[in-house]
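Down below is the structure, laid out as structure tokens.
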Amino acid sequence: MGQITLQGVQKSFGPVHIIKGADLDIADGSFVVFVGPSGCGKTTLLRLIAGLEDVTGGAILIDGRNVVNVPPARRGLSMVFQSYALYPHMSVRGNIAFGLKMAGVAKDEINRKVEAAAATLNLTPYLDRKPRELSGGQRQRVAIGRAIVREPKAFLFDEPLSNLDAALRVQMRLEVTRLQKQLGTTAIYVTHDQVEAMTMADKIVVLNGGKIEQYGSPLELYEKPSNLFVAGFIGSPKMNFITGEPAKRQGAATIGVRPEHLKVERDGQGGWHGTVAVAEHLGSDTFLYVDAGPQGMLTARYVGELGLSPGDRVSLVPEQARIHRFDDSGKAIRA
Amino acid sequence: MATQQTQLLARTLLTPAVALLFIWMIVPLALTIYFATLHYNLLDPGSESFVGLENFRYFLTDPAFLASLQNTLVLVGSVLAITILLGVPLALLLDQQVVGLSIVRLMVIAPFFVMPTVSALVWKNLLMHPVSGLFAWIAHLFGLPAIDWFNDAPLFSVILIISWQWLPFATLILLTALQSLDEEQKEAAEMDGASALSAFIYITLPHLARPITVVILIETIFLLTVFAEIFVTTGGGPGLQTTNIAFLIYSQALIQYDVGSASAGGLVAVVLANIVAFFLVRIVGRNLEA
Amino acid sequence: MARMVTTRRKVISTVAAWLVGFLIFFPILWMVLASFKTELEAFAIPPSFLFFHWTTENYATVQERSDYLHHALNSIVIAGGSTLIAMLIAVPAAWSMAFSPTKRTKDILLWMLSTKMMPPVGVLVPIYLIYRNFGLLDTRSGLIFILCLGNLPIVIWMLFTYFKEIPKDILEAARMDGATIGRELIYVLTPMAVPGLASTLLLNLILAWNEAFWTLNLSTLEAAPLTVFIASYSSPEGLFWAKLSAASTLAIAPILVLGWFSQRQLVRGLTFGAVK
């Protein structure tokens, strides 16, 4: 079991409020990603749950029990650090076994569990090596092995993939997700990469300035962002925001259209007209940066190839149903 | 930024060290200040009396003070100049490709590990002795008269010995700093068409500015209180020619047993050292932030 | 072409470096050679460099005449004792400041540093009088105490900079893994800190071994370490160069070996981390 509930959790360092009151319900077995720009408090929130920091106010419940005064070791959680934090003087075996050893588990049971974990993670041939003799991806797997072997109530991941190169990151992303589904253990995963968040999460928590901006499934966030911040943060390329006259006509202070919801036409009739400033040809897609006069610079995504080059006139027609409207305070206006 | 329990533990662990150093700093210093205001001579017990700033007046107007202050400054300044002017080229040399560098390093660093009394006596007797010293023999080979080092140039002789002891220190620090110089920076300068000399002036020297400052400050702190080398070679003489402030205070305290005057002198030394320490602490402190 | 230049350059710098290194090392070498000469040869002009009658007789005489071993033992006890006690006090303090820093940590560190900058001669008088009144003059414990205090700031600083380099993440990982503070110290921190602990120990042994202000002023015979013993050769009646050399060689040999091992850490220790 690993149900985690935050109730009005606050954290300040002196006069600086890092977390300004977070409420959250994380269901057992779900994969929750904390995402947000750097400095938004996502890592601090994770460390509060881990017990590596004291909360300033509020309660953290694990399976219904308030743990704010419980030391990290007895919260039954395990953590994968950004730097992996492997013990450099211990072998892979020693690293994975350390937590079990501290818990006083019998020797042969430790061996059995360590070997099982190593097998799951393809680490068996490396069990007797030191961390410095491993590649980045292998170290990463050791860190994960160390986390899973203790069969915790939940895994906490602190930007674990940020030190890997792009190809390995995609591969590890799949492995982590697959492993978590297989074990069925609750996972909280911190990242600043919204692609990681979208691909891995059952539910995403978008944090900004120490506050939870929105909590929902990836598609909810994509389709119904509750405010400007979430709308701009989720989705790549970024959503286009248009203010002023065009927005007013839709009854909003700001309207937002995702690049993939702009229909691109050469010399088309309706919609917004503009000139192509830059065209990025990816083969499968074309990203167009269009100078659209009163609407400002707009990004459009076209599936396939349209043969446009800078200077060409185009018209961009937004899908009416996919226009997001926001009021003065940045909140989404729901129809 | 850890939890409260660890914070509490941390305070507890820090206390003994802080308390000891605090006592070590405060008690002797307070006593020195107290003694400095007394007429107090160990040869004349029972005659202690309060004399205010009389000891300071006596110490500061004593011709020996001015002479020893001058000797101290000359000694510190000369050793600094010698160790840095030789240390920079030496460090640059050791930063080149040298076959057997580790052995050369060992030879260069060795003098620093020799206890001061040993180096002073070896230099004084085996090398600088006017009749049987090696230097006298070398002078003789070139048909020059032998120099009676400790009579003709006593302060210079002391400076020479101390420079030999501190050259390794300066070299080692400068070498360490050189090795941390980004190789790509040098290559970029090379690509920009800089000659070896201008690369040295515009890239290497600015990089060495900080370590040189550190060398100056740390050496100054130790050199201000040079004692053993003078104690075993010249005993401050002939006359006052090699008496520095540290030695003057020593002789007033433990040879003339004039506690009051020696204490006043001690405070003068503390003030001098603090002027240097002020700058050193600032540099180290700035580094601590980074 | 480029290769030629490089090779030539390498030859030149190698020759130059060896020459300078030899010059700097020469006084020590000369002393060691003299220690194997007879008194007459040590004094002879012109001096003989290698072709003299090698003898170890001086080493035997040094021990017989002046009880070398007694002073060597004093040096070991005083340098070792003061270093060990300093480490015992410094390890917890440095640990605390490195891993649970507060806003005042920086000030405390700098303050500790500034105590090291106080010239010993400034407090010579009170220390001498206190030692005289408490019967600590010429005692090993007196010297251990004063050298320990004198080196404490350096020990704390060195350990602090070493501990600072141990990633905090790893200690937190241990905490997450269920290690108590005691076990964290034994299983994780200590093994990772061993290199730093060792070099701190070494450097401070060297500093304490060579300390020649307090030892000269506070000890005469009973507790006198090698610094004081060698200084006794400075008196005119002690002009036996071969024996002086033998005694000196014995006094510096162990520390030279230790020093050569610790030369890389020396910079860090003596510059308080200002130069790395």
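Residue numbering begins at 1 within each chain, and the chains themselves are lettered A, B and C in the order written.
Following the convention adopted for this analysis, a residue touches a chain if its C-beta (ideal position, glycine included) is under 8 Å from a C-beta of that chain, and two chains touch if they have at least 3 such contacts.
Since we're looking at a predicted model, the values are computed, not measured.
Averaging Cα coordinates per chain and for the whole protein, the chain whose average falls nearest the overall one is C. The most distant chain from chain B is A, comparing centres defined as mean Cα coordinates. Separating the centre of chain A from that of chain C, both taken as means of CA atoms, is a distance of 53 Å.
Averaged Cα coordinates give chain B a centre that lies 16 Å from the centre of chain C.
Between chain A and chain B the centroid-to-centroid distance comes to 57 Å (mean Cα coordinates, whole Å).
Residues of chain C in contact with two or more other chains: none.
Counting partner chains per residue, chain B has residues 2 touching two or more of them. Shared interface positions of chain A, i.e. residues touching 2 or more other chains, are given as 52, 71. Of all the residues in chain C, the ones that touch chain B in their complex are 6, 9-10, 13-14, 16-18, 20-22, 24-25, 27-28, 30-31, 34, 42-47, 89-90, 92-93, 95-97, 99-100, 102, 106, 108-115, 117-130, 149, 152-153, 156, 181, 206, 209-210, 212-213, 216-217, 226-228, 230-231, 233-234, 239, 241, 244-245, 248, 251-252, 255-256, 258-260, 263, 266-267, 270-276.
By the touch rule above, chain C contacts chain A in their complex via residues 167, 169-170, 172-180, 183, 187-188, 191-192.
Within the complex, the chain B residues that touch chain C are 2, 6-7, 9-11, 13-14, 16-18, 20-21, 24-25, 27-29, 31-32, 35, 90, 93-94, 96-101, 103-127, 131-132, 134, 136-137, 140, 164, 167-169, 172-173, 176-177, 180, 210-211, 214, 218, 221, 224-225, 227-228, 231-233, 245-246, 249-250, 253-254, 259, 262-263, 266-267, 269-270, 272-274, 276-277, 280-281, 283-285, 287-289.
By the touch criterion stated above, chain A contacts chain C in their complex at residues 50, 52, 71-74, 77-79, 81-89, 98-99, 102-103, 146, 150.
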